[in-house]
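Each of the next two complexes has subunit A plus one other chain: subunit B in the first, subunit C in the second.
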Partner chain A sequence: MKLWAPAVWFRQVNPLLKMIFTLLALALALGLKTWTAMAVLVGFLLLLLLLTPRLPWLGWLGLGLLGGGAVLTYFTDSAGVMLTILRVLAILLPAPVLAGTTPPADLVRALQTVRLPVGLVLGVVLIWRFLPLIRQESERIWEANLLRGIDLKRHPRLIFSGLFVPLIFRMVSYADEVTVGLETRGYDPQAPHRPARAWRGADTVFCALVGVLLVSIGGWEWSH
Partner chain B sequence: MEPLITVRDLTFRYRNQPPVLRGVNLTVQPGALVLIAGATGSGKSTLLNCLAGIAPTHTGGELTGLIQCKDIVLNELGVRERGQYLGVVLQNVETQLFTETITEELNFGLENLNLAPAVLVQTRERALHELDLPHDRLLKDLSAGQKQRLVLACVLAMGQPLLLLDEPFAYLDPRSCEQLLALLIQRTQTGQTVVVVEHRTELVTRYATHCYHVHQGRLQPGLPPPVISEPLPSPQSQPTLTVKTTGLAYGPHPPYPDLQVSQGERVLLQGANGSGKTTLLRLLSGLVRPTQGKLEILGQDTHRISVAVLARTVGLVLQNPNHQLFAESVQEEIFQPGVDPAWARTLLERLNLPPAQHPQALSQGQKRRLALGAVLARRPRLCLLDEITVGQDPESLSLMLKLLGEFTTTGGTLMLTSHDPQVADYLQARVVQVSN
Partner chain C sequence: MVKTFSWQLKDYVFAAFMAMGILLAAVVTQPIAQIIPIPGIRTILWAPLAGIFLTLGMARLQRPGTVFLILGPVGLILGLINPIITLVLLVPALVTELVMALVAGYGSRTRRFWGNLIYFEATVLGGVLGTVTGLTAAFGINVPVLNPWLLLPAGSVAGLVAGLGWWLGERVVAQLQKAGKLDIG
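This part shows the complex of A and B:
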């Protein structure tokens, strides 16, 4: 899969920086009081989301919500509606941006660099592995139903026995198998991993962009 | 010479079950290539799991006896600790993959060794070259055979003194099999030791230094007696066309060769790993729609027919049987609504399946036989089988192939993929090369 150049750049940003930015964005989302400052933050997040492979649709959805909010604000003449919509978007958007632009191996490496507890790192690895698996397994089980002549869309009452039961079986057994798989690959969350990655140009550019963002947000927040 | 692995009086039982392995003794010298064969469910994989530490730590059960690597007793070590002495390739390779791309996957294992970056890159590149893998492919786009090659590359790159490989040839095309064999022989010559569990014994026997088989829980020297099956008579194809494709293509790939398959015919699709055999079967079953070309099943253009409707005449057994098993028991899986009970009983007997057992409690080989039974129970006119011969011992394979032979003599049409040359010989199938 070929990625657009800015998207490649964003994948190269250190996951720790992205995590710090995620926390910062959440704090700002909860703390900002003016809709204009919140709009700057959401605008930046939407821009990042449009650079996220497989997730531009979420960016467009966010833009749609913003458009809807703008129309509502116009007719109700209340900035509160806009602020609420922006706040919800600012809370929801950082996580998919982080998840969609961070390869699992980079995330594990970053978590190990900051010496997070073993259980937490292992949990993240398994969840990172599980999310795409659940989707993939659901698709395959759905197809297997079709092959038996059962279209679950037309027979929703069969969804529990036809989809959920086999999916739960698969997930429970995968939980065991993946843990074994991790150990057979020599994965040890306590072992010293590859040294922390070097500072890259992408990190500098990202920090500069976040700096500009913070100054702009501060300007809007305190000047109004 | 001091043996690398010594197993003494090993007995293993799952909770509240009779022993799967009884009094196993095994001594493996450095540089040996050991083949372990045996019937499906005989305990071969369990033996490998005991050596790797997966049993009883992750499976539960009780293990007695001694497992030693040189002078280190392995019994007390977990899977990860044993990882410095042995590399393991599991039967289901999907569970050993954790990242998004081939390069990241190789890095993942090598980083666990804490190698210097330059050594890591060198080792990774060598492994990619040895198993003929590209750099930048996404794992989700790889075929089962390519994933198997990737896991093998990841494990071989780690360079432990002992390699435990559970059916490493299962999904490999003939070229990849030869490539892997050559690689394993080369590794044994440099002092690495390889223990292979494999049903396709003919691949490994000529190179193995020692052959064993597991029978009734005991490890016995030599291979199990061969199951001799006379090839089926050539199929009597009838003038009615079951499948007709014209310029059929999917995605950016070039079109498949045009196919005309008559009623009663047996067609074996062959091609290298990743050549598009599975995709062709999915196209024929309607699970994916062609981006170009025309597909006719029993004279009907399938363009506007839904998969659920097409499933009345077309049955597909998927590569992974776990997705196709829904019922609470084996019997229930076959006795579906509308299925003739007498026919269902016949299938249970012919496929040697335990009716009362839960489908998810069966071995992989038994699950594949059950998935086949569940498809044949609905008496499809066209049966599509994706690598269902994997994990079958010769006796089980013979049961399946006989049943499939009868399916075609009674008017059914069979199209399947398999890398096992015995299948083509036995079924007297027309071979169609797929090179997408």
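This part shows the complex of A and C:
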């Protein structure tokens, strides 16, 4: 899929910065008291949503509704309702923005540079890599049951023995194979962490934009 | 022979695969939980499936820290959806680890039962109280679920389903052992 230039730029921003911004947005969503400040935050998140490859239409729709809602709220006495709607949006929006604009490999690489416990990082890396495989495996087991004439949808009491037990057997086998694979490739969980990724221009621009956002939100919040 | 207590690569990998099972259980049950407006319903639906993988992980790894090692990556991944989920998953895990550290881990069936029970009960109570506090703080909504007559049945059902998850998990442990697939130290 061909992306437009701002979307390509936003994909280059360090995933750790995006994660910090997600937490910051959530804290602001819970803490802000004025609908105008919240509208600034949601507007910024909707602009970022335009940069996702799959959901830009949702961003345009959201911006349209936000504009309409803001005009309506300005001329009527419905600030409380508007604040609640915007708060829900501000809580829901950061995750799709982060997930939609970060390639999984970049996210894993970024997590590897953080000095998190090795079990945590290895766990996330393995889940990211093998979860689709385990899902495929469960589909195969389901189909194998159908071939044997057992439709698990119609016999839910057989789900445990017909789906879960074989799936767990496969998972345990995979765990053993992955361990052997990692050991034979010389993987050492205690080895030094990867060096942090170099700071890029995209990171600076993103931080500057977030700084402007915070100043604007602070201005609206304190002036009301 | 002196038994070492440091985690090895095989432990990390096994915990990660159990975490995958728990994540799949969440993916399967959460869409259903969203449409049932009962306090603690997410845990009640999730516990029987997640309990299988948690019990299996406890049986294989046995040491204090097992629950945290399994649920840590799950909390980190689901935290990308909402950081509150991380807290709801990991604070009960911390409580479970603190309690179970007193009995030195998950070496027996009884300890694994208690580990499951404590974790899922703490998740229900923490989840309900956290949701109520969060909703009240964020939206000024006075949510009436703090009523003990609603919390009590939710806690009781959570205990039952945690027990069910543990029982199913122990059945799988027995089958894996019989097949020579599970090396319990």
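The working rule: the second predicted complex is superposed on the first by the 130 of 224 C-alpha atoms of A that agree within 3 Å, B and C clash if a C-alpha of one lies under 4 Å from a C-alpha of the other, contacts with A are read in each partner's own complex, and residues count from 1 in each chain.
Please note the rule applied: a contact is a pair of C-beta atoms (placed from the backbone, for glycine too) under 8 Å apart; a residue touches a chain by one contact, two chains touch by 3 or more.
Computed from a predicted model, the values in this text were never measured in an experiment.
Novice: Going by the contact rule set out at the top, does A:143 touch subunit B (first), subunit C (second), both, or neither?
Specialist: After superposing on A, A:143 lies in contact with subunit B but is clear of subunit C.
Novice: Scan A:182 for contacts with subunit B and subunit C and give back first, second, both or neither.
Specialist: both
Novice: Examine A:214 and indicate which partner it touches, taking first as subunit B and second as subunit C; both and neither are also allowed.
Specialist: Neither subunit B nor subunit C is touched by A:214.
Novice: Does the superposition put A:19 against subunit B (first), subunit C (second), both, or neither?
Specialist: The answer is second: A:19 touches subunit C but not subunit B.
Novice: Per the contact definition in the header, classify A:165: touching subunit B only (first), subunit C only (second), both, or neither.
Specialist: The answer is both, since A:165 touches subunit B and subunit C.
Novice: Is A:65 touching the first partner subunit B, the second partner subunit C, both, or neither of them?
Specialist: neither
Novice: Of the partners subunit B and subunit C, which touch A:174 in the superposed model: first, second, both, neither?
Specialist: It touches subunit B and subunit C both.
Novice: Do subunit B and subunit C touch any of the same residues on subunit A, and if so, which?
Specialist: Looking at subunit A, the two contact sets intersect at 165, 169, 173-174, 176, 178-179, 182-183, 187.
Novice: Please name which positions on subunit C make contact with subunit A in the complex.
Specialist: 7, 9-21, 23-24, 49, 52-53, 56, 69, 72-74, 76-77, 80-84, 134, 137-139, 168, 172, 175-176, 179, 181-182
Novice: Residues of subunit A touching subunit C in their complex?
Specialist: 19, 22-23, 26, 29-30, 84, 87, 91, 95, 98-99, 111, 117-120, 122-124, 126-128, 130-131, 134-135, 138, 160, 164-165, 167-169, 171-176, 178-179, 182-183, 187, 189
Novice: What does subunit B use to touch subunit A in their complex?
Specialist: 52, 54, 58, 78-80, 83-84, 87-88, 90, 92, 95-101, 104, 107-109, 111-114, 117, 120, 138, 140, 154, 158, 285-287, 306-309, 311-312, 315-316, 318, 320, 322-326, 336, 360, 374-375, 378
Novice: Where on subunit A is subunit B touching in the complex?
Specialist: 1, 103-105, 109, 125, 129, 132, 136-137, 140-141, 143-151, 154, 161-162, 165-166, 169-170, 173-174, 176-188, 191-194
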